[in-house]
Each structure stands twice: as C-alpha cells, then as structure tokens.
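Labels A, B and C are assigned to the chains in the order they are written; within every chain, residues are numbered from 1.
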Amino acid sequence: MTETVVRADGTPETPGTRHPARPRRTSGTGRPAWSLLVLLIAALVATPVVAVVVEAVTSTSLALPRGLGSMVVTTVALMVGVGLGTLVVGGGLAWLVTAYRFPLRDMLVWLLVLPLAMPAYILGFVFLSTFDISGPVQTGLRSVFGPDVWTPDVRSLPGAIIVMSLTLYPYVYLLARAALVEQAPGTYDAARTLGASRARAFWKVLLPLARPSLAAGLALVMMEVLTDFATVQYFGVQTVSVGVYLVWHGLFNFHAATQLSALVLLFAVAVLAGERLMRGRARYHQKGGRGRGLEPYRLTGWRGWGATLLCVLALGAGFVVPVARLLVWAVGDAVADPGSLLDPRFLEYLVNSTVVAAIAALVCVLLALTMGHALRLGGGRVVRTASQLTTFGYAVPGAVVGIGVLIAFAALDSALRKMGVPGGTGLLVTGSVLGILYAYVVRFLAPAYQAVDASFAKISPTMTLSAMSLGASPRRILARVHLPLVRPGVAVALVLVMIDAVKELPIVLLLRPFGFTTVSVWVYELASENFWRQAALPALVIVAVATVPVFFLFRQVRLVDPHRKVG
Amino acid sequence: MNPALTPVTGATTPALVLDDVTKTYGGTVAASSLDLTAAPGELVTLIGPSGCGKSTTLRLVAGLERPDAGTIRIAGDVVAGGRTWQPPERRRVGLVFQDHALFPHLTVAQNVAFGLDKMPRRERTARVGEVLELVRLGHLASRYPHELSGGEQQRVALARALAPRPAVVLLDEPFSSLDENLRAQVRADTVAVLRETGTTAMLVTHDQTEALSIGDRVVVMRDGVIEQADTPEKVFEAPATRFVASFMGDADFLPAHVRDALLTCEIGVVSTVPGWANCDVDVDVVLRPHEVALTLDPESKAHVVAVEYHGAFVLHTVQLASGRTLRSWQPHGVRHPVGTAVAVSVVPGITPTLLVGDEAVTQPPPPR
Amino acid sequence: MRRTSLVAAALALSAAVSGCGVLGIGEEPADLQVYSARHYDLEEAFADFTDETGITVDFLYGDDAELLQRLKAEGAETPADVYMTVDAGNLWKAAQDDELAPLKSAELDGAVPADLRDPQGRWYGLALRARTVAYNPDAVDPSEFDTKDTYADLADPKWKGRLCMRDETEAYTQSLVASLIDLYGREKTLGIVEGWVANDVEIMSNDILLLEALDSGACDVALVNHYYYARELTENPDLNVKLFWASQDGAGTHANISGAGVVESSDNPKQAQQLLEWLATDGQSAFVDGNHEYPVNPDVEPEQLIKGFGEFKRMPIDAEAYGDLNAEATDLLAEAGYQ
C-alpha cells in the first residue's frame, strides 16, 4: 500500500499529529561539515554574479537605454507567454504519455524531450528562414495567392512565444513526468476509488502533487527566457537581455550592461520567489515505496492516433522540421563541397564539447546532491538560503557570467599580489578550460539543483530521520538512502546540464583558451558570417550530441516504464 | 496490564533521563523544563492535545532537535546538555514513525539490516532473522515495502528499529495510520514485542485509551509542560490538574464545599474527606460518569436531557436544578427517557478528586 | 550509483581536467596570438604570413566587445598581441580604454588611407566593406533612387511597403545611422529613420535573408553589405538582385572597416606590428579576397567579382565620431521606434 501524505504546515490532516508551529528544521542539529560545504558552494557560485553586481553598483553613472520601460514590459509578456505555453504543452504531454497508452507512446515518451537538444540560436534562424517573408512558406503562399496574400507577422512577440514554447516545453515535461511517475500512483488510485473521474483526479490530486515539479520546470523555462538573446533578437523582441547587448555592443558601455544585468537578476529573484509561492507552504512527499504506477489507460482507434498526432506535432515543430531543414542545407553543402565533411577538426571539436559538458554535468550534479543532502541533514535557514542563492547564476546571461568569472579572478589576482603572493592565478581562467567549467557550474547548477531538489522533496523526512536513528552516518545516508531515492532527479539533472552545456556558446566564446574550439563555437563562427548552409552540419552535430544523453539516460533511469522496479 | 514499575533509584541506570529540558521555536515554548525518567524496560506513553510538545519531546530525545537548555541522558550517557550534543546516529535510539518510513528501494531484510552495517555478515543475517521472527515476518524477508500491508509495514518498521538493540525505542503515533480493526491487533503485537525484548519505549499518541492501556506510565503534556507523569491508574483516578481530569477520560466539574471533612455540593453530601476536619473551603469536585448514580425520583429537580446508547452501557446526561449537567453510565438495561426526573448521587466508596483553581488538592488549602 | 561510482566519477573528472592535452591545451604557443572578432579566411592569411616570415600566428575568435572585456580582465597577463575587430567602433573603444599601443610605422601609414586609421597609430583598418542599396530589378528602376541622398530618400513615402533592413541590434545598422548623424545631424537623421519606420520597413535578422527576400520579390529594396551580395552571387548566379551605389552624387556610400591594433601589454609588439604591416600590404589580397571585401590599400586591386560592381565613392570614415555616435545612433533607433 502506498499513500502520499500531503501536509500543509499548520494544518495537520489528523488532529494531534503535528505541531502548528514546528519549523522544518532548526539550526543546531545540522552537520557543520556539510553545512559548511554548502556555504562554500554558494560562495563559489555567487562570486561571479556578485562581481557583476558590484561592478554595476560601483559604477558612478547610471546609463539606462531608451525604452527600458517597454523592454521590461516585453520581458514580462514574453515570460508569461512562454510560461503558459510550456505549461500547456509540457504538462499536457507529460500527462498524456503517463496516463494513456497509444500507438508509439513508448518511443514518444523520450522523443518528446528532444527539442531541448535544439539550440535556440539555431532554431530561431531556421524558423525565420522557413516562415518569414523570404522563406519558402510565404513565398509559396504568394506564388499561389498573389503578392497581397495576408500572412501573419512571424517576426513578432507571438512568434517568439510560440518558438520558445516549442523548444523549452521539455523542461516542464521532464519534471512533470518524473513527478507523475514517482508519486502519483497511490494517490491517484485513492482518488479514483473515491469516485473521482480521471479528469477530476488529475485536476484535484495529481496536479497539486505535481505542483512543485511544475514550478521547478517553469522556473527553468523563465530563466531561459530571461537570458536568451539569440531567439529574441531574431524575432525582434526587445527584452532586457537585448538591452544588455545593446548598451554593451551599441553604446560601448560595459557598466551600463552590468547594470541591466542586475535588472535581469531582479527578474530572476522574482521568478524564484514565484516558484516558492507556487510550491506553496505545503510539503509534498511520498510515503512508502514506489507503487504500481499510474495504470495507463489504453486509447484505441482515432483517439489513440489522435494522441500520437499531438505528440508528433509538438515534436515535429520543435525538432523534426528544423532538423529536416538543417539536413537539407547540410546535404546541399556536402554536395557543393564534399571536402567539408571530412574536416579532421570535427572530431576534436566534438570531443571538446562532450568532455567539457560531461564534466560540468557531473560537477553540477555532485554539488546539487551535496546541497540537497545537507539540507536534509538539517542545515537550517542559512544553508537553505545559501543553496537557493546558487540558482541565480542561471538567470544571468552567459556572456555576463563569463565576464563575472574574469572580473572575479582579476580581483583575486590583484589581491594576491597585494598580499605579496608571487605568481597569482595567472591565466588559470582563460589559460585552461577551468574558467569555462567554472562558468558552466555557475550557470547550470540551477537546473541540476532544481531537478535533484524536486526529487528530494518527494522523500519523506522521516526516511532520513529513520536512517539517522539507525546509526547511519551522513555519508552512508547519502549513499544508501538519498542517492537511490533521488536517482530520477539525478538523471534528469545530468541530462539537463549536459544538453545546456553542449549548446552553450557565449561562455565558451569568451573564456576558452587558445586552440580550444567546441562545436557551438564552430557553428557560431559560420553563422555569424551567415554561412548558414555550412553551419547546418555542425548544428546537426550539436543536436546529435545533445540527443545522446537524453536517450542514454532515459534508458538508465527507466523513466520510460515506471512498472519496472529499481533494485 | 503490567504493574507499574517504581521509578528506579541507584541500583539500575535509567534508560532515559530528561533533566530540566527546554526548547523554544522563535517565541513559542514547545518544551518547558521537562523532567522525565524512564526505567529500563518501561513503556512510557506521551499524550496531550495537538501542539502540547509531545512530538518535540520525542524529537529532542531522538536528536532531531537540540534543546535550548537542560540535559538528556540515554543509558547513562549525556547525549544533549551543555556543550554536548550527539547526533541521532550516535544515540542508540530506535524510531518508528506513523508513516513507517521504510526505505522503498530496499527489501524487508535489507531494511532491517540497515542499522546493522557494522556487524559481521553472519551475525547480521542471524539478527535480521531473529527480529523478523519476533514480529512474525520471517517469510516476507525478500519482499519490498510496497508489497506489504500497512500492518506488516508497521511491524517491519518496529523490527528495523529494534534490530540494533537500541537503548530506547521512540514511537511517533505508530498506529494512527492503520485502520481501526487492524490497530488493536498491531498495538497488542507491538506491546508484546516490546515486553518480550524488555525494550524501553516512549510512545507518542493522541488516543487516551491507547495511552492508558499500554503505558507503564502515562505522561500528560500541555503547552510544553508535563501536567502529570504517573501510572495509568493514578492519571485516571487521581488527576493532578483540571486539564488532566478532563483530557484523560470524561469528567464533569461541580462547585462543592468542604466543611469539617464533609464534602457537599448541589447533589448533596458526596463523601467525607479524611484529614480535612477543621476547615471550611470552596472546591470543585471532579465526577466521572461511572461515579454518578441515578435513581427515579419524580420529586427531583434534576432530569435527563440526553441518552446515548453505547452497547454495554448507556450514557445519561442529567441537568441539575442549577442548570449544570452531569453524565452517568448506566448498565445496559437501564434507559431513562429524556425528561425523566431523577435523583443524582455518587456511587458509595468513591474518593473524588478535589480542585482548587486548576490544581488537584489532597490537603486542605491554607485559610485565606 | 554507489559510492564506488562516485569515486570513479571524481577520478574521471580530475583525469579529464589534468589531461587537458586531449582538449588541445598545453601545445606550444605561437609567436603571435590574435584576439579576433573576424574569422573568415584568417587561417589561410596567417598561414601565408608564417610561410613568408617564419612567425607563427594563433588566433582566438570571439565577439569583439567581449574580447575587449577579456583583454581588460587579463590585464598584463594577456597572451594577446593583436586585437582585431570587424568594425571601427570597437577599435575606437579599445583605443579609448588604452588597450592598444600606438605604432610608428611608415609602411602602415603609407598603405592605409588616413581616414581608415587612428591618428595616433593605435589601430589600422585592413579591410573595407560598403553598405549600400540592393534591389530587385523587376520591381525597381534604378532611376527611382535619389543619387545624392539615397539613404535619406528611402524615407520617402514612395518606398512604403517596399523596404527591408536589418535589426537595430546589428552593428551594421547602428554604424550606418551613426554616419547619417555625422552627415545630417541628429534631428534630420531621426526624421529619416522615422520615415523608414513609417514606410513599414520589414526588419530581418541577417543579410542573407534580405537578399533572399529581394530575390523572391518579398522586398523591393534592401540595405546590405556588398560582400553578402557577392557571396550570394557566387552561389546563385541567377540571383535576381542588383546593387546600387548609394549617394554617389552626395557624400558617398557608407563603409566600415575591419581592422586591428597591437595590444598594449603584448610581449611581442615588434612581430605584431610586422603582422599588421604585412596584412596592409603583401597580405591584403589574402586577407580580404576570400570574403569579397575591398582592400584598404589603394595600391591593391580588389578581387575580380567585386571589381565588377564598379568604382564607388565612399563616405569618409570617422571612427572617433562613430564611436561616440554609435551610442547616439542606438538611442535614436529606439526613439524612432525602429525594431
């Protein structure tokens, strides 16, 4: 029998079982070593961000670009639009593949994550070149219906919302799906036996239970939207991030750029606060073990194929069509210049991309695990705050994080010089991949932590307490209790960071040492000069590289089939 | 059940001692100057209304909270106090939770073996078998928790807590997630296992019957304070406070008067109060329904206002002339319809509890 | 995922970090290191330079404003000897921030026209590009263009619904508008840009899209860099687009440069200067031809294809002014509602 206990602090479900005023954890019982570790991680991750903020604050002049007000409004509109879009698409698809059986479902379950593998800077261009005024779609329409045929304005806010929703929905999908698989079964059954219809059980039970995961997914989406520059620029949507770019590159005013970045950071604070709010004061955790799993309902006939079609449509728009277009270009390019396929540097770039992304993913997951674990051991408010601080890096545009890393190390160097330490850190940052890795961790710890934390949230605290009382040391609890139980979250975290890191461009561009080129830099080199056809092949390589972890890890975690038992 | 164990002195080390333990959260006092001792093998039940501090007490003992002041000793070792603070894993405390908190990714045997990792393998296997037999679950050793019933899960949780031979086992509402039918059986089994192994246990509950029926000693708490810690009989028959009287079983209170060792109230003479010879004081008398007798008396100003059928007994609520009500248990066959005029008296041989203010008194209060 | 695998992961991690050889780090550094926002054909040009001089050159490609920031952060430790950008504004900014060393080189001064280099010799233009009008000959007769103030004339209502241009975040747009501010003053330029906006200018996010839009008839007129036109032409000789040299009877066609300077804290300034000198003279063709750009050196012939576009009068470049005016142009574009 599994049963999910939903408790809202202060409103115990059984009289006399809970204290109204009992806080989750108080200081004093935490493990100093683990708490210290979290504080260290937070300090490490916060440093570059703080460096940027300090730079922004200490600047004497305040140079804000014209139209800042409308940039703020546009940013909010974009965030809300994409938030709703991803919620509907991601949440809906997660429900569909979990609650129903239909043709090709087992394959679609993991295929639906693939749009994540598509970098926004590639997708934006592919979409515009396909659907904008000079693209084949509108050209075709004009040739059929004459030059005055009405066509929607693709390069617009709605256009950007649609494209971003189609690429970013997997964040919500992944976390919602994990939540549904991990915790739904018992509660859902309970609701159904209480006479609730499937739909009612979904709205009243599953949705509230999945809320922390949905909130976490949405927070990731919002932060991606906040820091995106490429897509919004393609679509002519002036967000605050575009403002950062404008003042930096157009006004040559780096200080003003840091000031605007601080504004982006404020948005991030709002997003994270919103996430907390959405999680509510309620705590969710699963009691007992994995259940039978949500017994999927078989959809037959046109309903089944209808469900398949829905998934295929989402997948097609966010992945298949752009990949197809890239393929057409790549083949065209290969035909025109067969030599380009055999460039020996392909392999080197590929190795660079994957190795750095893999290391970054591992480091991020280890840090996220450390934080989640330390919190569970009873770190108290300071540790909790510290671990939340680490997620801010995700809301800072990559180029700004990169600059933050540079500033931080420059400051460290001059401090070392003042203290009379010879040598300093030298070119530790830009002389090796350490700078890139560091910036990756700053930026991508958030998705890792969100995913791991969402899994931790589903472990009942009594589980940890039981383990403690059985004499298990914190390390043993991590290895034997927490790690096995948060494995789905760990897998999701690895996938998210890997994919993000493989796609990441501005950080690599800025911090890479001489001779270090990744596939994304290679794409950018070509794309910035508008060699789109030549860029198609490396772009496909990125997509392929980002696809591998999705496939591999989905097999590993067996998110595909909750019925298979772990252990 | 078991005869009450007298508090241990000198010869044996108490299994658990709380000495002046205080814990506050922000401005809220969750535990205030708690003093409590449990002898080896004793089963202490902690009871009180929601927010009384019983769970906090348990968490303090387990090491899940750190006291602001005071000392906690387990089997003679200071585990919290002054600068000393032992984390839960060093305390030799077993925990059983309401939600059982079994590790879902481990089998029953692995769950039970979890606390035995420092034991040699052979010994460990033997111990796991032993405790599983104790809870009669040997045949389910290789199952996973989700394949067990609620009662079985509860027994695994107990076995897991007992396996490392803890000095104290703490049970946090261990039966409240079980359904009514199952609960009595599981409770009996659990107590039997605790007795059989001579385990010292502290059990938090909100069920009065449970607290009275299984505890060697019952600790009644309210607002972070221990109101009374005594044998079940004492707690029920000689409650220390008005709160204990009303919380542990049904009780009605009537204003009364003692003059020259004679206790009188609205229903007449209640009893004599030995030792209260030369006094003349107002008190409240505590009357429990089983102490109140009814006789038909058309002349009486008191009459029945409610009748509740409870099977073996019938609960009558009687309104007195003053408007106050008393409750009375009548045997199965007796049922006075609502409106019946009845004379109310107290069953002979009763020494009712007297209250001055909210405190029970056994000595006459000093004259004002 | 037991502890053993965690340990294994940690080991793999440290191995990967220390084994940077795999990642192409730790190789012998080249004699000269170039931070470049320009990528195209650099490899070939630098290889030629090494062949001729024996000096090896490595370059790190990146975004110019960001590379400048990296240069500043690295300070005296920077490995960079040369900073190369794709527009005059960033060179001006780098010089402003004292990141570039003044050079004294008769060779450079002789090869690069005075308005394409810093008066103090801190940077030199090396390649020239024109941003001019391209049109679909089926929709536009070149006589429709104003030959004196071509850019300004595009604000005329007769172009309503026929214009396509780049977005406001693009340096090309900004520097063109900056040059117009330099030419006409802020107020008049604001009127011009507002005129473009009033003409429902279709904004696109790259020049290739603009050319494709012209070719397909979706736009009649667009502002493009000449070399994108040249490139599209080589890929598609049937491209139904023609180039028109703007403002030939007026101030001339807007042009910008790609250029470079020697980094102040370079530990090899002599060879760095030598590289610049070579790029401005013997290396000009190798540097500019691949990307269909015009050489800055008047003694060097442009490549055949763009030579066929004909001679044109170029609006003088005032990097000093563009550096400042670029900021104003960005502001003006926002004010005019150009986005």
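The definition used in the following text is that a residue touches a chain if its C-beta (ideal position, glycine included) is under 8 Å from a C-beta of that chain, and two chains touch if they have at least 3 such contacts.
Predicted, not measured: the structure shown is a model, and the values here were computed from it.
A.B. asks: Per-chain Cα mean versus the mean over all protein Cα atoms: which chain has them closest together?
C.D. replies: A
A.B. asks: Can you name the chain that lies farthest from chain C, using the mean of each chain's Cα atoms as its centre?
C.D. replies: B
A.B. asks: Taking the mean of the CA coordinates per chain, how far is chain A from chain B in Å?
C.D. replies: So the centre of chain A lies 51 Å away from the centre of chain B.
A.B. asks: Cα centroid separation between chain A and chain C, in whole Å?
C.D. replies: Those two chain centres are 34 Å apart.
A.B. asks: I'd like to verify one number: the distance from the centre of chain B to the centre of chain C, where each centre is the average of its C-alpha atoms, in whole angstrom.
C.D. replies: Chain centroid spacing, chain B to chain C, equals 84 Å.
A.B. asks: Please set out, as single numbers or ranges, the residues of chain A touching at least two other chains.
C.D. replies: 484
A.B. asks: Under the touch definition given earlier, write down the residues of chain C that touch chain A in their complex.
C.D. replies: Its residues touching chain A are 1-3, 6, 9-10, 12-13, 16-17, 20, 22-25, 27, 29-30, 33, 39-40, 58, 60-63, 65-67, 69-70, 73-75, 77, 79, 89-90, 93, 164, 167-169, 171, 174, 202-210, 212-213, 215-219, 228, 291, 323, 326-327, 329-331, 334-335, 339.
A.B. asks: Using the touch definition up top, name the residues of chain B that touch chain A in the complex.
C.D. replies: Per the touch definition, chain B meets chain A at residues 25-26, 28, 30, 49-51, 53, 55-56, 62-66, 85, 87-95, 97-106, 114-115, 117-118, 144-146, 148-150, 153, 157, 160-161, 163-164, 166, 170, 173, 176-177, 206.
A.B. asks: Mind pulling up the chain A residues that touch chain B in the complex?
C.D. replies: Where chain A meets chain B, its residues are 1-3, 5, 12, 14-23, 26, 28-29, 31, 287-291, 378, 460, 462-463, 465-473, 476, 480-481, 484-485, 565-567.
A.B. asks: Which residues of chain A touch chain C once you look at their complex with the stated criterion?
C.D. replies: Answer in residue numbers: 65-67, 124-125, 128-129, 132-134, 138-139, 142, 147, 155, 233-234, 236, 238, 242, 245-254, 348, 351-352, 355-356, 358-359, 362-363, 366, 399, 402-403, 406-407, 409-410, 413, 426-427, 430-434, 437, 475, 479, 483-484, 487, 490, 506, 509-517, 521, 525, 528-530, 532.
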